[in-house]
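Here chain A shows up in two complexes: once beside chain B, once beside chain C.
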Partner chain A sequence: MIKDITGRQAIVMMAIVMCATKFFILPSNLITNGHQSVIYVMLLFFVIEFLLLLVMVRVSMLHPDKTFYQLLTESVGVVIAKIVYLLFFCFFIIKLSINIIETYTFFLGTLYDELSSVLYVLPILLLAFYMTYIGLRSIGRSAELLWVFVFLGLAVTLIVAIPNADFGYMLPIFDGGANNAITILSNNSLWFGDYFVYLFFLGKIKFDKNYFPKFAIISGLVMLGIVFFMTLFYCIFPYISGIVHYGVSDITHITTHINNIGQLDWLNVTLWTFASIIQTVIFAYCAERCLSDLFNIKYKYLSSSISLIILVVVLMLLDFRLTKLIMFVQGPVHFLFPVLLVIALNIITVHFIVRHKEKRQKKLAGVIYD
Partner chain B sequence: MISRVVRKIYIAILIIALILLLPVSMGLPQQTLDRSLILAFGIDKAGDEFEVSAQVMVPESSQSGYKEKREVKSNKGSTIDKAIASLQLNEGKELAVAHANILVVSESAVGEDINIILDYFIRDKDIGYLTIAITPDSAKELLTISSQATQDKDSLLRLISYNNEYIFGTESTLNKVLFGYYSPSQTSLISRLTLKGEESSGTEEQQSGQTGQQSLASSEGQGQESSTQSAPKQIANDGSLVILKNGKIITALSPLEYRGFHWLMPTVYSSFIELQNINTDTLNNATVMLDIVNSKDDIEYELTNDNKLLINFHTTLEYQISSVQQDKYISNNYAEYLNDGTKVIESALQTLIDSEVQSALKLSKDYQIDIWNIYDKFYQKYGDKFVKYVELNEGDYLKDLQIIVDVKVKESKI
Partner chain C sequence: MYCFFYFPQNNTIRKDDLDKLTNKEIKSIFVDKFHNSTDFKVREFVSLQKFDSILFFFDNIVDVKRLDKEVIEKLMQDSQEVAVDDIVNYACRCCITVGQGEILDTVSDAVEKLLNGFCVLYFNKCGKFLCFDVKNFQSRSIAEPPTSAVLKGPREGFNESIATNIMLLRKRLKNSDLVISQMPVGKYSQTQVAIVYIDSIASDEVVNKVSKKIQEIDIDGIIDSFYIQKALEERSYSLFQQVGTAEKPDVIMSKLLEGRVAIIVDGSPIVLTVPYLLIEDLQSSNDYYFARAPRVTFLRLLRMFGILIAIYLPGIYVAVQVFHYKVLPYKFLVTITNATLGIPFTPLVEILFIILLFEGLTEASLRMPSYLGLALSIVGALILGDTAVNAGLVSSPAVMIVALTGVLLFTVPDQEAQLSILRLIFTLVGGILGLYGIICASVFLIAYLTNLDSYGTPFLAPYAPNVREDKKDGFRRYDLRAMKYRPKSIPNKNKIRLKKL
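Take a look at the complex of A and B:
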């Protein structure tokens, strides 16, 4: 099988995907009602995600030549594989809607007085179509090229903001109880689970030396970075997080203003655009893969076009409005993420059981043969 | 094959788009033709209505170069939103508010709740980072004077934010005010600007060295020979702060009153302290000016067993003697006066800080204002136990508060 991406590219893409849209409206959404408790619960949540991601990486290294679809059909059969892929397709379309509407609203609120939704979406969709069409290798190379700018922007944001935060606001721990925080997180669960994209890299990674520890360290750092960003956001805007909507921009805006540095936030917003675009393209790629395997579509341009047309319909139904998106994501579809989480856990468990049985059989066969 | 065709189509689309867009963007008319750039807002109360004033920048190019003329436009309305909408209609241009960074509110407009005014500025996401000032005078007049005073559009902003003598200025920004408003303390501080009709020499920007207050003077009357003939009004910041609780003005603190609060704030930056009536072997009723160059604080919050709130404030200050005034003679060569006098000075400084902190505490109790954000500090340490304490005291958690001040001072060797 042709390896599309290097291990380094896989790590960089995962790092960008995991944090791209977590710094726009999510901090305000979570913290307004959940306060500091949400951050502690999120930390626990990330520990679980991190472990699950490491299991996925291990599976991908054990089967370097098998795609996720192949693994699924071999372990649970074609029908269940198709159902899982259908759910994943819905998941990625919703993730794309979140990404596009949120980024559009973010730009509208930070950079522009007016911004036509059509003019914003059209080039993004064309780019997504093109990148999906030419394949994962190009996406990986783009991510490899741009990740420095993205994380440099993030690092500057965090460093500049630290002196303005009062970390005393992280106390008392689990203020108001953890139940409320868990409810808030589960309602906003579709903002998480970005690491599922790794499943669609399976069989396409040319593993580098020390891939596993490198992956573990980087993804762990990214998750800690997200938690630290949320902490900073809360400790800078403890009572007004509800009216500060755009985390990454507002943190930079307020801190640079206080410290008289200048409008660093615009630079940061521009750098963050790279992350958002890469995430859009990767989600579009995953959606295309789902559709392609679901209906055995051989032509990439066809599967890519269909998935993007479905995305446009969803965007039109949501009217490009953030409030509608939030109601939609927190309402009828918020169960999708936990369902996928359970499915992924089950598949991985089944896979390991099957593999264990195979090993045992081979071992037994070896004993008899000897 | 299809791949090649698609790639070629993309390159063709890209080139055509560039060819089409480039002349279109180059030929666009200047945006100031259909937009008014607002730099500052002023809110006054006119009867039952709000009068909203906007300081508008009018860019002009002339033979002598590019100028940024500023004008003040105003309109009335039952709400801020309506007044601004009418302003836009009258102006015949779209109001571009992204550059607005000042909001001046007259005391009369604040009324029962300043949030009625601030609400508009929170919701309009195009408005940048606002610095707020309150004035007992007319906000419109203040903006007008500021427009005429100087070509430097940021001078009013600096005037709100900084005060040279009383360096204890607070962060008078929209976010900070809202933070106080929505916090359990419900207390916010806002800088205070006043209009003073004092005689002026008519310079564009003045700093009154004697009073230490910063001021902006209108350039009206410039060109007249005698300075006594012109008496343009000045915008002044004497360092006083307006205290709001739940959005309502409670009182205004003088800079010296506020200094008592500021000792317990996170960091005391360089500031001058005047010690009067200093008597030593060589000094008799002298006035000594000290420059605080460094401070190291440690504040402990304690809910005692007998259900009392206690703050232990330990601070170590490093000072330098700036000047000594003895019999109207000011000397910077203070060593000639001070043999063993430093101990007297240090003792006087300790007494001054203690008395200022205790006065601030009394003010807090009298007005029930929690400028120190004590609620948060105790809640962070004691959680529900402190909530019960507050309930037990029917919300007045300041009434039994005690502050023990422990000041160590030493002369800076730098």
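Take a look at the complex of A and C:
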């Protein structure tokens, strides 16, 4: 098995994927109705995601030479594996739609007065096709090169925004009601679950020394960073968060004490665009992998083109409108995330049961023959 | 088993027949072979006072004085009694005093030697040729190369002679592991190409790959090392070169010590090296000779920022003017607006016009005789630039931006050609799609570069993929004592290069 990416590259890609589009429209979307209680529920949500991700990492380390598809077929059979892959394909196409429409809306609101959706979507699709075609190795290396700029952007955002925040707004805990927060989060669950992409890195990672603790620390910090960003956002715009749509831009835009050095939000937007593009490319890669294994397509350009054509059709159906996208994500397809969550949990459980049995059998055989 | 020799005149000679040929017949074979070329000389004389001998050489490429004194004079004056069968051996071992001599069995070998500056001697009906190296190829003296001057450090540079260039390397690397493997390339030119490496350091895989690629070349002539460079590149249509170049022996020596393989081509002062990393072009000889590590780090970062400004600034300027004018602070926006007021062109056309003007001036200055340089500067800078601004055709900020980027392109001279193309691309993208387009194009460029490999070495190493140890000589340069290991990115057999300093 050719190891396309290093452990460091896997960590960097995961870090970018997990946070890239969570700072655009999502903060406003979540906090408008749920207030600060959403942030506390999200923290719990992230704890579950974090644990699930760590289990995935452990599985990948136990089977360093097996891809997710191989693991699936071995544990649950080809038919179920294909069904799971089909669900994952739909998941990634929806994630790509969310990513592209959200970023397009974000650009329209911040960078441009006018931007044709065709002109916007064409470069990103070409880029996704090219990078998917050249493979994970190049995506990993590009992410490794760009992560500095992306996290520099995040650090600047947080540092600059802190003086404007009044953290008193975070109290009392669960002011808006925990149930309400859980409902809001589950309605927007397709904005989460980015860590599923890790499954498609399985068998392709050349593990570095101390990979597991490094992964745990970085992904934990990224999740905390997202929660901290949401907290800052709420504490800066406690009552008007519903009309402040572009989190990462607006949070620095209102910062008065840096006005003398220019509009820092533009720099921030530019840096975050890198993250968004890398995330799009990784999702496109995962969709291509799903399609390729689903129909045994040998030519990358073919599977990549088909998945991107399907994406274009979905984008056209959604008419490139954020409102339609939100309705779609909160309506007919919001079941997808919980389903995949359950599938992932089941697969992991089955894997550990099988592995435990194998170990036990080997141990018994060792006792008998020794 | 017979060996056949082909001659254009359709006369085929069997190897066994060579000893039956008289001097006259041999002479006609060679004269015909070289089509009665006037610089091809034939000298007949009597050796050891009884053997009719014939000497072939090219007039302008051999040292005639040496030939007279060390070959002809010795053979004519010697009177030793020698049997016909022993004449060749005797002449070679006891008579002729030229350092490098060789006995040849075939006409084609003799022809090859003649073309390489040897003289060829034939004794009547003896069946063998004797050749001696008396070549006298004129070459430029060793001087400091104009493209890589140093403030403090070695000033020797390669010249067009392969012998001189190998000598310069041998002088620096006095080790039996320094291997030089020479071969002729080019059907007509038969240019000597030498593969140079340190056997105990360089990877066999890289050496074999380079050797195979050079042996596979089938071309009329190798005019410059650039021809070999094209053959060595794994993606020869790429915008970026994948083979390193240097004009100084100290640079090549340091690269050989890192495990690279050097290729010297006769007739070219440019020596090639593989594997090649993009970061190599950000490193300069000066960085290693006199500057302290923090200063070098500063200079390398400066070069890097220079490159980024050079390729991005015109594109960003156009994008900001066309799409994102709100990005500018108010006072800055007013200044730019005032400066661009009344300009008849769009920002993209304006910048492209000035870039093309600048590129034209650069090209003209390279080709124009040096005594016209001052006139060109006056025409270019004062008349074209100043008048165009005063006439309201172009704005001062646009001229300033293009001039600044034009200068900054030369912070990394080896990448200037590629960078100027990138500047043009990013300007176009910025004008059509704005900042979003520039970001997409940047990611595309990065993806493309990360996908490039040079003989198993990632092009963007040690940054993508990250190689921690190699970063000690990256943008941030560590002290020499910290660089104990050879670069991991470059395949090599021996990891440690410094044990104590």
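Heads up, the rule we're going with is that the second predicted complex is superposed on the first by the 364 of 370 C-alpha atoms of A that agree within 3 Å, B and C clash if a C-alpha of one lies under 4 Å from a C-alpha of the other, contacts with A are read in each partner's own complex, and residues count from 1 in each chain.
Just so we're on the same page, a residue touches a chain if its C-beta (ideal position, glycine included) is under 8 Å from a C-beta of that chain, and two chains touch if they have at least 3 such contacts.
Because the structure is predicted, anything quoted here is derived from the model rather than measured.
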item	value
Which superposed partner A:Y130 touches (first chain B, second chain C, both, neither)	both
Partner contacting more residues of chain A (chain B vs chain C)	C
Touched partner set for A:I240, first chain B, second chain C, both or neither	first
Which superposed partner A:Y301 touches (first chain B, second chain C, both, neither)	first
Which superposed partner A:R8 touches (first chain B, second chain C, both, neither)	second
Partner chain(s) touched by A:F107 [first = chain B, second = chain C, both, neither]	second
Interface residues of chain A shared between complexes with chain B and chain C	113, 130, 134
Complex interface listing, chain C residues touching chain A	323-324, 326-329, 432-437, 439-444, 446-447, 450-451, 458, 460, 463-466
Chain B - residues contacting chain A, complex	2-3, 6-7, 10, 94, 96, 98, 122, 125-126, 129, 171, 173, 175, 178-179, 182-183, 376-377, 379-381, 383
Of chain A, residues touching chain C in the complex	6, 8-9, 107, 111-113, 115, 119-120, 123-124, 126-127, 130-131, 134, 137-142, 144-146, 262-263, 266, 270, 273-274, 277-278, 281
Chain A residues within the chain B interface of the complex	108-109, 113, 130, 133-134, 168-169, 171-172, 175, 237-240, 243-245, 253-254, 257-258, 299, 301
